[in-house]
Structures are given as structure tokens and as C-alpha cells.
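Next come two complexes, and both contain chain A; in the first it sits with chain B, in the second with chain C.
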Partner chain A sequence: MADNNIFRLENVKVWFPVQEGFFKKTVGHVKAVDDVTINVKRNETLGIVGESGCGKTTLGKAMMLLEKITGGHVYYNDDGTERDITTFNKDEVFQFRKKVQMIFQDPYSAMNPMKKIYTEMEEPLIIHGYKDRAEREAIMEEALKLVNIPVDYLFKYPHEFSGGQRQRVCIARAMEINPKVLVCDEAVSALDVSIQAQVLNLMKDIQKEKDLTYVFIAHDLSVVQYMSDRILVMYLGKAVEMADSKELYDNTLHPYTVSLLSAIPVPVIDREKNRIILKGDVPSPINKPSGCPFHKRCDKCMKICEEVEPELKDVDGKGHFVACHLYD
Partner chain B sequence: MENNNKTNTIENARKYGTKLWKKKVRKFLNNKLAVFGLSVVLIYILLMVLAPVVTPWDPLEPNFKVKLAGPSAEHLLGCDSLGRDLFSRVLYGGRTSVLIAVISSLIGSAIGTVLGAIGGYFGGIFDKLLVRLQEIVSCFPQLILVLIVVAFIGTGTWNLIIIFALTGWTGCFRLVRSEFIARKEETYVKVCEAFGMSSVKIMFSQILPAVLTTVIVQLTMNIPGYVMQEAGLSFLGFGVPMTVPTWGTMLNAAKATNILINYPHCWLVPGAAICLFVLAVNFFGDGLRDVMDPRQQ
Partner chain C sequence: MEDKKIILDVKNLNTSFKSDGKLIKIVKDVSFQLEKGRSLAIVGESGCGKSVTVHSVTRLMAKNSVISSDHVIYRKFNEDGTAKEYRIDKMSNYGKEMRSLRGPEISMVFQDPMASLNPVYRVGDQIIEGLLEHNPGMKKDDAMKMAIELLKKLGIPAPEQRVKDYPHQLSGGMKQRIVIAIALICNPELIIADEPTTALDVTIQAQIMELLKKIQVELNKSIILITHNMGLVTEMADDVIVMYMGRIVEKGTLKDIFNAPSHPYTKMLLASVPVLGMAQGQKLTTIPGSTPNPADLTEGCEFADRCPYCTDECRKGRIPGYEVSEGHMVRCRKFAGNKEVD
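Up next is the complex of A and B:
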């Protein structure tokens, strides 16, 4: 079972200090990711959802070592042995970079506007030791074929591409060095809907072809449902519910997930919708409420919720995790 | 379209790729003022380089027979109070003036760019120290610095260049530093980090090329300033020695009241030379900025 996990996060915290005054005294922390314990299985797509500012992106970046991890451990298991990436030295980080790549949210800024696509795609290959130009070009050609971009686009500049094309080039660039895991940070939210579908299908095809593991971060619930095998719901830096995609939608447990799912628009006129609108705002991640982070907006709030923070527990023994006192 | 491209090879594609510089050249050539500026600057440079061919007169040799003579066929722009040919002096003097301006600007920009890149990208205590240093340098009155240096080691072309370079890097430093601070947060820098690119490589191959265009523009814009400063300092007698012809020393030689009133060509000629050059470089610099600035594409 443990061997099946490519990533295992244990009590991961990413806190950003809040500094004030002339001497930059640290007066508190923005707890972007607070005590998250999850696992990512090999060859699955783990969707991460949650509203803006709940720490989805930070969690993804932490897994990529692009954000400094304040506490906890991230175990990465590529060849059968689990290793903690937070203790990696420079060389190990470099090897790790080969295996885990990221697709960024905004394809418009993910490419250097000064450089041709050719240079853009060549650079990672040079870094990772492909010395022969012909070899590099063969790899680039293959990667572009994977995303259906003709090779003559290589000698154009990013501003000559449309958003969908750019995102596909970004995917091709990430795929060049044959990663095992692709962290997709809102990979399609900057694209319009028709192109979204195109890119999503492409990503599914690539996953089948290359045995990839996706960590798919998004705020669009229907996109996540379409893509993911399992879904993690985050709220205020905490993991509140994690389950198989179908199970999560059919048998929603956490009140926050219930209200989140009720927000999905349904293309049926006259259908009675039980839309749950949450009261108030998301509390500040600097001064989190005591107990359950969701208790101030929860309609099923009990006394214990205000005092004790619920833990993420497997409630049905089959991998439906939820952090809520209702299911204790 | 897709079908055509299946037969395409990378080699083939390379030939038909976008040539951004061609677009830029075309855009520059459409800007009439900039083309005018560039042509004037080129004519200046050509005349200065070919000075021995263009004019038979030695800029240093006095000839009292033609003292203060007005323009004539023999002396195109007339002669100064010692009978030296003014046209010849404008050309030879321009060599020194422009050289001082260009070299000071180059050295100053180089220092500013390197320090700004390091400070902006890495930040931290070193950056803070650099910013303080920059503030001290830009607060210090340049004239006093010039006086001190002149008092200790005397006047000279290189002394002037050193002072200009040591006081002139601050503008470039601020510019490059702020550009680096802004650009290191760009997603494409994060992408390079995710690929495992080293920070030095990110600095020089990712961020610097974008910043460099601004630096080149700034460098061009600095040149006329230095030409003016050289003229000003030489006019006061603190710049290059009076024996070296520059546009500044020429003006200095024409500062007697008698000459100012009765022989205006003595100061009009170097004055006009400075004016035209400064104007031309400014027009050129403006045009260059319009073309190079990545924000204006």
C-alpha cells in the first residue's frame, strides 16, 4: 500500500511570516498550508479544490520545492524507497526536478517574451545534459507532436500564439524531460471553455501514454470531476475531505464540500436546486478560528467544533477521508 | 495547414521563423526623427574619424595672421583668438568629447547593471548595502568630487572619465535593480527554477536580456548628458586641460567679453556642435527606446 504512493505528505506546513514596523518584527504567520497529511498514488490524478486563498497553489509549489516548507515532511517515492524531499541536497534536488514538473496557471507569463519557442524548449534539455543538438531537436519534435503543435512554430515568439497553443507548448516543454509527476496549477483556468476541453483531453491522453501522475489544482469543480480519480478539498490551508472522485460527489460528507458542490451550475432549466450559500467570509489565514476552521460558517456547527480541531480520518475504511466532528 | 507541416523539418522551419529584429529595424526606420538623429550622429562620427582627411589644419597650431578671422573658403568656420582653425578644432575636439561621454556612459552602465542585477535578484543585506551606497554616491555633489580629484591628480581626460563613471552608475543601478525585482517574480523565472536552472543562469540568460534593452537606451540617453557636463566642467577649467581641444575647452577659450560680443562665431561653433549632437543623440535614443522597450510591442 505504502509503495503505491508516489508522494506522501506528512503534517506539511507552509507559513509565511507577517512582518511589521521598521525592524521587520514578525508579528504572525499566514498559514497558507497548515498541517496537511495526504498521499498521491502512482498514476492517479489527484484533484485539489478549494476557494481562492485556501492554499492549493502553495501546496503544489511545496511539493515542487518551489516554496520553502516550514514544517512536516514530503516523501517522494520514485524507485521503491521513500525519501524526504525537504532534506534533499542540491544534487538530489536537481534529480528530483527531472521527475516532477509543473504546469503554471498563466500560459501568457510562463514563457519568456524575449525568446523563441525553440530556445524556450531547448533550455531545459541543455540543463539536463542533452549535449547533442540533433538529439535535442528530435526530443523537441516528439514533444510537440504529443501536443499537436507543428514544428514550424518553434521559431516564433510566444506573443504569436493563442492561449491554448501556449499552454500546449508549456505542457510539451514540461514533458520533454520525461517527468513522472505533473503538478498542474490551474492549468486550464486561464483558457476559454472550448480550449479547456481540448487541453484537458490532451492531458488525459498524455497521461495514458506516459504513465503520468497528475496533481491537478483547480477551482472549477466540473473540470476537477472530469479529470480526477481522487479529490482533495481544502479550506483555509487544511485538508477537509479527500475521497475517490465518484464517492465524493455521490456521498459528500463535509458540510463545506456540500456547499461547494451545490455551487456547480447545472445546465437544466427549472431544476430545483438546493443551493447552499455560506454566511460570512473566509476567516483570515493569519488569525484562524479555534477548533474547526470552518465552524463559523458551518450550519451544522456543534459545541465541540469551536474547541477541538477535527482530524482527517478515514471514515468508511475505504479511503474516504474527512475532517469533521459529525462523523466521529 | 497541419498536413503541410507534417513534412516540415526543424531545419526548414528555421528559415521561415519570425525575425523580430527585422520588424524592429522597420519600425525604427519609420520613425523620421530617430533616423535623422542616427544620420547626424553617423555624420559626426564619420567626420571625426576622417578629420585628417577632411581638414588640412592642425587644431593645435596657432596662426596669428588669421586671429579671430570669420568664416571663409580657407577656414570654413573661421578661427579662434589664437588663429586656430575652428572646423578642425570642432572635429578633433569632438573626438575627445564624444569619447569621454561614450566611455563614461559604458563603464557607468556596466557597473550599474552588474550591481543592480546582483542586488535585485538576491536581495538581502548585500542589496541593502548597495542601495545605501547608491544613495551616498548620488547625494554627493559631483562638482566637489571633481575639484578634489583635480586638486590631487590634476586635470585630464581619464580623470574625468573615472569621475563620470564612478558617479554615473547610480541611475542604471536603480533601473536594473527594480527591473530584476519585478522580473524575478515572473512565472517564467519560476518555470526555469522548476527545471533546475541555476540562479546565475536565470539571472544572465533569462532576466538580463530583457533588462539590457532598457540599459542600452539609458546608456544612449546618458551620452548627451556627459557631453554637456564635460563642456561645463572644461568651461570652468576643471575638465580636460586647456591644451586638449574639446567642445568644452573651445567654449572656455571664447569666454572673454570682447570675443563674446564681437566675434560670436568663436562660441557659436562649438555651442552649435554640442547642441546638434545632443539633440541628435536624444532623438536616436528616443527612437531606440520605442523599438527596444518590450512593453511597447
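Up next is the complex of A and C:
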């Protein structure tokens, strides 16, 4: 079991200090990610969903060491030995980044408008020590072929591409150095539906071809469900439910996930809709409510929920994790 | 359909933009009618002209635009059943008449709540501005009371305090509710919502949509909803218009469009949306290529280059609209045997 995990997160915390006054005294913390323990299996797609501000992007960045981890451990294992990335030195981080790459949300701002795609795509190869120009070009061409973009487009500027093409160039750029893991942060949110379908299908094909592991972060549950093998639902920096994507849909346990699923408009008519509408907004991550973070909006709230914080537990023994007192 | 019940009647609306000395057609021959008390959804990808269509109707267009049409008629219904017609196409953009329509009769909810509120005024003052403008002599205190009443209906807790807040003190969902309050305060008959929930989370989106539907059904208002989210369309709309590159490619009731999509574009668009609960391993249909540059289009069907059924006929002239069933129009040569309706 343990060998099968490419990532294992143990009580990961990412807190941002809130500073006030002239001396920048720390008066509190934004607990963006608070005590998250999860694992990512090899060659799977783990989807992370939640409302804006729930910490899903911060968690993705923490897994790439782009965000300083306040507490806990992140173990990475691609060759049989498990190593804690929070203890890596500069050189080890450099080697680690080769294996874990990221695709960002907005393909319009992820590329330098002043540079040709050639320069843009050559840069990671130069950094990672491909000294021979012909070799670099061969790799770039192969990467572009992977995403169905003609090779002569290398000499174009980003503004000459459409949104979908740009996102595919970003994927190609991330794929060049043969990473093992791709962290996709809202990779298709900025795209139109017809283009979104193209990119999603392409990403699935690449995963099969290259044995990749995806961490797929998005707020659109239908997209995440389409892409993922397992889904992690986050709320206010906490992992509230994690299960196989089919299991999560068929047998939803946490009240938050239930209402999140019911809030999604489904493009099928004449379907009976049993909608649970949440009241109010997400509380501030600085002053979190005591006990279960969701208890103020939960319709099944009990007395214990206000006092004791539930732990993420495997409720059926088959890997359906939920953090809710209803299933104690 | 009785002519009298139609609140908005648009016939052959064309909008072009001047760019580099050329006129680029963005909206082409758009005609539709909206009945009182019904909701109409305009769907399509970005750049298809759905926003430009409604902005042309309300005449909130930039200076480099050229709008022409056979007619754009807004009907105001009185309680005794008579109606007064307004020819919006004959009014000047910022003239007295147009200004008297915007607010009490037609109002808009814009896409981005962060950008449509003024950051340096309290939200209460922004809500009552329209009310004071259209009701000369009204006292500010009375207007504020009405605003608080409305905010209470919109589900905002402690509205007495919230009206004194500035926009940055409110969350995204709250701000969008303030924007909706601004649109509703003058009790308009026609509400145009331009992607009202695109910037919001699904749980907040559900709250806002529930609210708009309630307003439509209970107060018998008419709504035009612009969106690219097919799921929202099924929940909100009675009638649907599908647009592609400035042209209406399909028009019908919600049932017509979702149970019997006829235009290849509509079919592919519906199939390319991931649906919750889809079987594992199922693949999404994709539309090959990407949307063309509107300046490059000359004649024939705009979708021809991406369409698997394209024939030589499709690239010639203007494609007429054919009737699939009563009230269901499709602009595609595949239906050339049917009756021409547009």
C-alpha cells in the first residue's frame, strides 16, 4: 500500500500570518490549509474540489514547494524510497521540480507576450541541462506533437494562439522534461466548453501514454468527476471527504458534499431535483468556528459538532474517508 | 401567440464595430420575441455576440458601434390590459426617453459584481440612486427603507448595517446580491441578467438563481438570461436561443433544444459538457478547431469549417432558418426540405 503512493501528506499545515500595526505584530493566522492528511497514488488522478478560498490551490502549491509549509510532512516517492520534501535542500528541490510540474489557471498570463513560443519552451530545457541545441529542438517538437500543435507554430507569439491552443502549449511546456506528476490548477476554467472538452480529452490521453499522475484542482465538480479517479473535497482548509469519484457521487456522506453536489445545475431536463441550498457564506479562515468548520451552515448539525472537530476517517474500510460526526 | 402579450420584440438586429477602418459584423439579423412572464436564455461560447445583442437592445454600446434593425419594440402593459409601445430603435442612446425606460422598465444585472459597484460609495447609496432618479421628490430616508426591505427579501442578514458598508467589505455573493438589488429596486418588468453567476461559487450560484426564478414566477416578470452554462439554462429558461458567431443558429422552447437539438453546433455543444454522474471512461465529444475571427467571415454558414456535415451549399449565401416543429427554428441546410421561417 505504502509503495503505491507517490505523495503522502501528513498533517500538512500552511498558515499565513496576519500582521497589524507598525511593528508588523502577528495577530492571527489565515489557516489556508489546516491539518490535511491524504495520499496520492501512482498513475491516478486525484481531484481536489471546493469553493473559492477553501485552500485547494494552496495545497497544490504546497505539494510543489511553491508555498512554505508551516507544519507537517509531505513525503514524495517515485523510485521506491520515501523522502520528506519539506527537508530538501536547494539541490534536491531542483531535482524534485523536474519530476513535479504545474499547469496554471490562466493560459493568457502564464506566457510572456514578448517572447516566441520557442524561447518560452526552450527555457525549462536549458535550466535542466539540455546543452545541445538540436536535442532541445527535438524534445520541443515531440512535446508539441503530443498536444497536437503544428511544429512551425514554435516561431509564433502567444497572442497568435487561441485560448485552447495556449493551454495546450502550457501543457507541452510542462511535459518537456518528462515529469512524473502534473499539478493542474484550474487548468480548464478559463476555456470555453467546446475547447474545454478538447483539453480534457487530450490530458486523459497524455496520462495514459506517459503514465502520469495528476493532481487536478478545480471548482467545477462535473469537470473533476470526469477527470478523476479519486476526489478530495475541501472546506475551509480542511479535508472533509475523500473517495473514489463514482463512490463519492453514488454514496455521498458529508453534508457539505451533498449540498455541493445538489447545487450544480445539470443540463438534463425533467429530472427531479432535490436541492439543498446552503445558507450564508463561507466563514473567514482567520476566525474559524469551533468544532466542525461546517457546523454553522449544516442542516444536520448536532451538539457535538459545535464543540469537537471531527477527524478524517475511513468509514467503510475501502477508502471512503469522511470527517463528520454523523458517521462516528 | 397573441401579439399583445409580447414584452420585447426584436426584428433583424445588426450590430457592427468599426475597427481599423473596417466594419466588423458582430450581431447578424437577430430576431426574437419575449413573452411577458417568461424567461429566455441566450447561450453560446464567448465571442458569439450574446452580450452585444442585449447591450444593443438596451443601447449601452461603445461609440464605435453601429446598430441597425427593422424594429426593437418594448411594450409597457397597463393594468387595464392596454399596452404602450416604445420604439427603442428610434431612441437616442442617452436621451430622456431611453433613460426613463432603463430602471423602472428594463434593468440589467452585470457579470462581474466586483467591477459593477463603485468602490468609494456606500452600497446603500448605490442602490437608492436609481430610485431617487426616477421618483423626483422622494425622500432619501424613505428610499433607504425600501432598499433595506429589498435586501431583506434577497436574504442578506442585518441589511440595516449592510447598506452602510462599502463594496470591499462584502463577499462576492453579497456583492452580486447588491447588484441584483440595484437592478430590482425600481421594480422593472424586464430583467436582463448577463452571466450573473459566472464569478461565483456553485453554492452561491444556487442561492442567486433560486432568487431570480422566484422573482420571475411570483411577480410575473420577464427575464433574459445570458449564460454559457447549459445546466443553468435547464433550471431557469422557458425558451432558449443558441448563438454562434453573431447569428441565431437554433431557437425554441427548452424541451425543443434539449430533447431534440437539431443544429450540429447545438448537438456538439450539449455533448461537450461534462455531466455529473457520467459513466467512467466515457469520452466527451469535442468540436474540432476553434471559433473563427469574426473579421474573416464572408458568406455562408459560420459553422461550416467545424461542421462534420458541411456541404458546398453551406458556404454560399445566407442560410435561412427552417422550422423543425412549431416555434422551433434551426438555421441549417440539413433541414432545407422544411418550411422557411426566417
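Simple rule for what comes next: the second predicted complex is superposed on the first by the 328 of 328 C-alpha atoms of A that agree within 3 Å, B and C clash if a C-alpha of one lies under 4 Å from a C-alpha of the other, contacts with A are read in each partner's own complex, and residues count from 1 in each chain.
Basically, contacts are C-beta pairs under 8 Å (C-beta built on N, C-alpha and C of every residue); 3 or more make two chains touch, one makes a residue touch a chain.
The model shown is predicted, which means the values in this text are computed figures rather than measured ones.
Peer 1: Mind checking the superposed model to see whether chain B and chain C fit together on chain A or clash?
Peer 2: Fit.
Peer 1: If we overlay the two complexes on their shared chain A, which of chain B and chain C does A:Tyr157 touch? Say first, second, both or neither.
Peer 2: After superposition on chain A, A:Tyr157 lies in contact with chain B alone.
Peer 1: For A:Ser290, select first, second, both or neither according to whether it touches chain B, chain C, the two together, or no partner.
Peer 2: neither
Peer 1: In the overlay of the two complexes, what angle sits at the CA centre of chain A between those of chain B and chain C, given in steps of 10 degrees?
Peer 2: The vertex angle at chain A equals 80 degrees.
Peer 1: A:Ile195 contacts which: chain B (first), chain C (second), both, neither?
Peer 2: In the superposition, A:Ile195 touches chain C alone.
Peer 1: If we overlay the two complexes on their shared chain A, which of chain B and chain C does A:Tyr226 touch? Say first, second, both or neither.
Peer 2: Second partner only.
Peer 1: So, A:Ser52: does it touch chain B (first), chain C (second), both, or neither?
Peer 2: The answer is second: A:Ser52 touches chain C but not chain B.
Peer 1: A:Gln19 in the overlay: touching chain B, chain C, both, or neither? Say first, second, both or neither.
Peer 2: In the superposition, A:Gln19 touches no partner, neither chain B nor chain C.
Peer 1: After superposing the two complexes on chain A, what is the shortest C-alpha distance between chain B and chain C, in Å?
Peer 2: 11
Peer 1: Which residues of chain B touch chain A once you look at their complex with the stated criterion?
Peer 2: Within the complex, chain B touches chain A at residues 1-2, 5-6, 8-10, 12-14, 16-18, 20, 186-188, 190-197, 201, 205-206, 209-210, 294, 297.
Peer 1: Where on chain A is chain C touching in the complex?
Peer 2: For chain A paired with chain C, touching residues are 51-52, 162, 164-165, 192-198, 200-201, 204, 219-223, 225-226, 245-246, 249, 259-269, 273, 275, 277-282.
Peer 1: Can you check the complex and tell me which residues of chain A touch chain B?
Peer 2: The contact residues of chain A facing chain B are 64, 66, 93-94, 97-98, 101-102, 104-106, 109-116, 118, 123-124, 127-128, 137, 140-141, 148, 150-157, 159-160, 170, 173, 177.
Peer 1: Can you list the residues on chain C that touch chain A in the complex?
Peer 2: 45-46, 155, 157, 171-174, 201-207, 209-210, 228-235, 254-255, 258-259, 268-270, 272-278, 280, 283-287, 290-291
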